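Each structure below appears as structure tokens.
In the two complexes below, chain A is the common chain; its partner is chain B in one and chain C in the other.
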Partner chain A sequence: MTTVQSAVVVKPTRPWLAKPSQRLQSVGVFLLALAISYGVVAVTPMKGKLAYAAIFFIAFTALDYLLSYFTLGKSAAKDVVARGFIVSGMVIVTAPILSILVTVLLRGYKGIHASMFTTDMRASSMNDPVASGGLMHALIGTFLMVAIALIISVPLGILTALYLTEIRGRFTKPIAFLVQAMSGVPSIVAGLFILSALIYTVAHAYSGIMGSLALSILMIPTIARTSEEVLLLIPPDLREAGVALGGTQWRTVALVVVPAARSGLVTAMILGIARVAGETAPLLLVAGGSDQNNLNPFHGPMASLPYYVWKAYSFGSIESVRRAWAGILVLLVIVLVLFTAARFLSARKGK
Partner chain B sequence: MTNPEESEKDMDTVTPSSLASVASGTGKKRSPGTEALGVGLEARGIHAWFEQKHVLSDISLDFWSGTVTALIGPSGCGKSTFIRTLNRMHEFIPGAAMAGQVLLDGKDIYESGTDVTKIRLKVGMVFQKPNPFPSMTIAENVLAGLKLAQLKVENKDDLLEECLERAGLWSEVKDRLSAYGGSLSGGQQQRLCIARSLAVRPQVLLMDEPCSALDPGSTLRIEETISQLSSTMTIIIVTHNMQQAARVSDYTAFFLSDGGPGQMVEVGPTGEIFSRPKDKRTENYVTGRFG
Partner chain C sequence: MPSATGLPQRRELTTKPRFSDKVFRTVVTTGGLSSLLILGLIFSFLAYQGFSILKMEGFHFITGSNWQVVLDEAGNIDKANTAFGIAPMLIGTILCALIALVVAVPVSVLAALYLTFYAPPALKRFLVSIIDLMAAFPSILFGLWGFFILMPSVEYWAKLLHKYLGWIPFFKMEVPVFTRSPFIAGVVLAIMVIPIVTSISREVFAQTPLDRVQAAYALGASRWAMIRAVVIPYGRSGVVGGAMLGLGRAMGETVAVYTVLNIVYQVNWHILVGAGGNVASMILLKFGEAGAQEVKALMGAGLVLFLLTLLVNSIANAIVLRSGGKGR
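== the complex of A and B ==
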């Protein structure tokens, strides 16, 4: 046993992996838990899918605990239970997201056709067959309003974050508090604010820019808070090194701190976009909504994807509901593409 | 422990002449005529506080051009705080206060109306932890000071090569100057930081335990770098490594805190501090009996 022939070629092994017998035990526990949940539902008055899931979870955890307790000991058994809770937490959180994605895909793809990206709804009704008309006007509206909101919010949000992390002036605490409170503002309040402060008093008309302003109110706190957290992660040594090289504070921030935080700041931007891209209520109040292309954000009502979805869905016919699902799918794909692109861009050069 | 009169004497302001007279004895690698370069930096009666806590008391010390001065002493005795007062980095810490004068070319760097960024250009600093700028390449890191301080330079490539050469890093990185600074090893990163400090041509270089995070090989390279640099500039190095102080420095100052603010117990040529220190406490420290 103890002497090993030197000529033997040693094969790489993974002794820490489960052996077949252990796997069999795990499968046994799984099946037993399944049987118990089936039996309990059959016998007791607890019924429904949720009952199966809950009883299965309890039974599986208990059996797994007992198995580990007798094979490995108490602390290993506790570890197994903790892992069980963490895994089920992950499942509970991701299941709805996957469910949403799958539902949107399955229901939305039927309404997708090439001409929907090149036509608007001025000549068609929501109740017409899906192939007539399209959501180009909504795409243009969402794109323009979110882009303008981004142009307004990114500088303001990042400058606010820089004030909170780099200048640390006397107002740091109240501003941090305000930003936090602002990020919880219901979106309709942002719409009502623009409506009463700008539309009733100055503009007297719906327009895309009003929508952008309302979206900015929602976007700035998100960008400011995320940027603040990212900037706080930049080690203070870098700031000291920049200043010790004869840089002013402003040049150190611009040349050292912000570039070091670049990928995080891009993430802040994405989160800002994600926060507002699906907003419906404020846009309904201040951008109106329309059925035709409007390329001028400063004049005339403007449609948006969420508005298109809301309007199509409210018609209630088979064709219009199909349009609504297609609209949701387009919105989802746009947000996902933006997300991936920004991730890719920020990961490419930043370290 | 020691008689008060003796420590009193050691606490006295060390004037250039008194330092020069002791230095002419056993300075490790002093060449004749070094004194002609004059005093690079003078600290006069430096005190420092953090909030109400008095951390450094009455340090007066002259640093000669073309020499290396090592500051030794146990942790918490104020060595780092002291060198941070020499290029006005001390004021970066909230709640910091100080008293005294730091004379650079005969002018107090704390005088009102002084452009602090110009001071930091003349008195460069290398930190304990290597801190290359993560968003910049090796070449950009070296030249970062020019951009930060908005300096113009005739030939950037020459300066780049010169600084990396002086920091002892050129041969290792010359083929990958456009790689990111973070891709280097810890020792190389620290030499990159030294090259970065050299690019703005400081008269004085402060080094705050530059080798504490490095392996012996990298430490050796940096010590060689210090020796090469010392002929043209004033170097002040904080170190916990007694052998390092003995190897690289011409003068050594011993700092100590007895629970109160840190004080300078003794300063003199490195050879004397290590072979026949005047103060018992210095002797105990350098021989490893405490600290």
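== the complex of A and C ==
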């Protein structure tokens, strides 16, 4: 019988991974730092979460520095300290986001009830128990105003993007500059502009359409910039193929470029909606605000979700603040859904 | 008409655009110029409405520190006693925005470094999307959260600052009123601008030439040594641009500042004392009970704010574009 010699399987080495002893050391440093922070807070008069965090950070960094200094050398020790700062920077950036999400969820859900989506506030005051009245008028207002703003801004935004990517005429640089400048216009200035240009001169009254116009000033740059980015991603081959087949530029853009960028353009619209859905200041100036359903954007003041939250917050009682959190929760859910939809669309495009 | 050989006749070759293309180009160019039109209209209408007040006050509109409206019996403005000067609010605007930057920029740069060079890919995707999400949060949400959740903690930090660093002029206080101070407004604004500064810095850091990064590693640099020698010199100007974009955003913020700041019409350099304001929130505050003349003055204030943010944003975008980012 012959013996079959088994092939020697060489285990791949991974020198960049930490060895068990190194892992043990870092766990030890972590625990020691934790112990030091508890000890210092217990002994000295420093109190509070801030003290724990600060002492833990200092102790952890110092111990880690010393450990690496003696095992690996000076430059490794510096590297370790830098990593400590960089990671804690990331933690500090993430903490408020999580805190905001958790707070809104915990405080908002108490004010949520089914009938709030089918009633308005004409029969109840902000100070009434949360179960009476609702924010249907605010939802309708936000929906109508954002929809009209979308109708105004989508053509202008996409035309601007097409100019920047397809025509590239002599105004390309100035327009790119102006669009960027426009995205920095403070929202209150947009409100003041509509107030000065239309309400004091022509309309002399608050209405939903004025709110939409103010919102579209804020929406156009968002849509234009996102669409521009999307259109730039369309390969030039497609445009050249369209022209080579005898199409005019107009037919190439309408039948080839825009359809190819469709989902990206939808993403641009969604991001535009998310940008303005929570705008408060301009609507306070130009759309007024009301307590009842108003389906006519051309007549009478119109409520909106941010206005509802603002008013409920200003009342300051326990019940009204609960309403405000519920309103914020609804607003946040809308923004989250829009945002996830945009992510989903652009992720699918990437695959 | 087919020729004798059955081939179609030669078409005339021309580079002249067709009629449909001319229409297309005109329409698109007109649409593209809409941003110019809108910005021009904003400027001219605010200037037109605010003109009488700006003319009356002159340069004093920016440097004066009083805001009072006195009407005579006919309802016209009493020019001797009326004063419109937005200096306190202008200073407040800049002060709050600068506090925001001092808090936000270091943290954002560290976070951007983490996202570019440290984070595992899956975690990076998640963190980038929640930071983008935070940029889309409505400002009233920051206002409410800042007022109810953040304010108690920040007040405590303010007390610590006063206790240990009280000798710095900015942290002095004559009256121990810590609530609703510019410092708190600055921290809330900082949280609002963190997503902007972080994502711009990340974009710029990600553009660092790979050959230089690898050259640094090949020479035996640790990750931090590489960042210090390659990434920071490369990305410095982009970070400055991102910070200025954040400055522009912080200067124009209305509702979040209005909810957390105690708006008092006086020049206040002591950032821990609970009195301050900014131009945007002052407009919102005074608008409710303003008479016709005062509204004109508010339009003038809006014009100043518009020009200020326009200036800051333009410089910022120019810097960001030059250093490889996409700008906002």
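Here is the rule we use: the second predicted complex is superposed on the first by the 242 of 351 C-alpha atoms of A that agree within 3 Å, B and C clash if a C-alpha of one lies under 4 Å from a C-alpha of the other, contacts with A are read in each partner's own complex, and residues count from 1 in each chain.
What we mean here is this: a contact is a pair of C-beta atoms (placed from the backbone, for glycine too) under 8 Å apart; a residue touches a chain by one contact, two chains touch by 3 or more.
The structure presented is a predicted model; accordingly, all values stated were derived computationally and were not measured.
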Of the partners chain B and chain C, which touch A:Gln22 in the superposed model: first, second, both, neither? neither
With both complexes superposed on chain A, which partner does A:Ile220 reach: first (chain B), second (chain C), both or neither? second
May I ask you to decide whether A:Ser88 touches chain B, chain C, both, or neither, giving the answer as first, second, both or neither? second
On the A-aligned overlay, A:Asp237 touches which partner chain: chain B = first, chain C = second, or both, or neither? first
Tell me the contact category for A:Val253 with respect to chain B and chain C: first, second, both or neither. second
According to the stated criteria, A:Leu245 is in contact with first (chain B), second (chain C), both, or neither; which is it? first
For A:Thr280, using the defined touch cut-off, is the partner it touches chain B, chain C, both, or neither? Pick first, second, both or neither. second
Touch check for A:Arg262: first (chain B), second (chain C), both, or neither? first
Using the superposition on chain A described above, determine whether A:Pro174 touches chain B (first), chain C (second), both, or neither. second
Touched chain A residues, chain B compared with chain C: C
Once the complexes are superposed, what residues of chain A are shared between the chain B interface and the chain C interface? 248, 251
Quick one: which bits of chain A touch chain B in the complex? Just the residue numbers, please. 235, 237-238, 240-248, 251-252, 255-256, 259-260, 262, 350-351
Along chain B, where are the residues that touch chain A in the complex? 87, 89, 92, 117-118, 120-121, 124-125, 127, 129, 131, 133-136, 144-145, 147-150, 180, 182, 193, 196-197, 200
Note which residues of chain C are touching chain A in the complex, please. 17-18, 20-21, 23-25, 27-36, 38-39, 41-42, 45-46, 48-49, 106-111, 113-115, 118-119, 127, 129-134, 136-145, 148-150, 153, 156-157, 160, 191, 194, 198, 222-225, 227, 245, 248-249, 251-255, 259, 280, 283-284, 287, 295, 298-299, 302, 305-306, 309-310, 312-314, 317, 326-328
Given the complex with chain C, which residues does chain A contribute to the contact? 48, 50, 75-76, 78-79, 81-83, 85-90, 92-94, 96-97, 99-100, 103-104, 107, 155-156, 158-160, 162-164, 166-167, 169, 171, 174-175, 177-190, 192-193, 195-197, 200, 217, 220-221, 224-225, 229, 248-251, 253, 271, 274-275, 277-281, 284-285, 306, 309-310, 313, 321, 324-325, 328, 331-332, 335-336, 339, 343
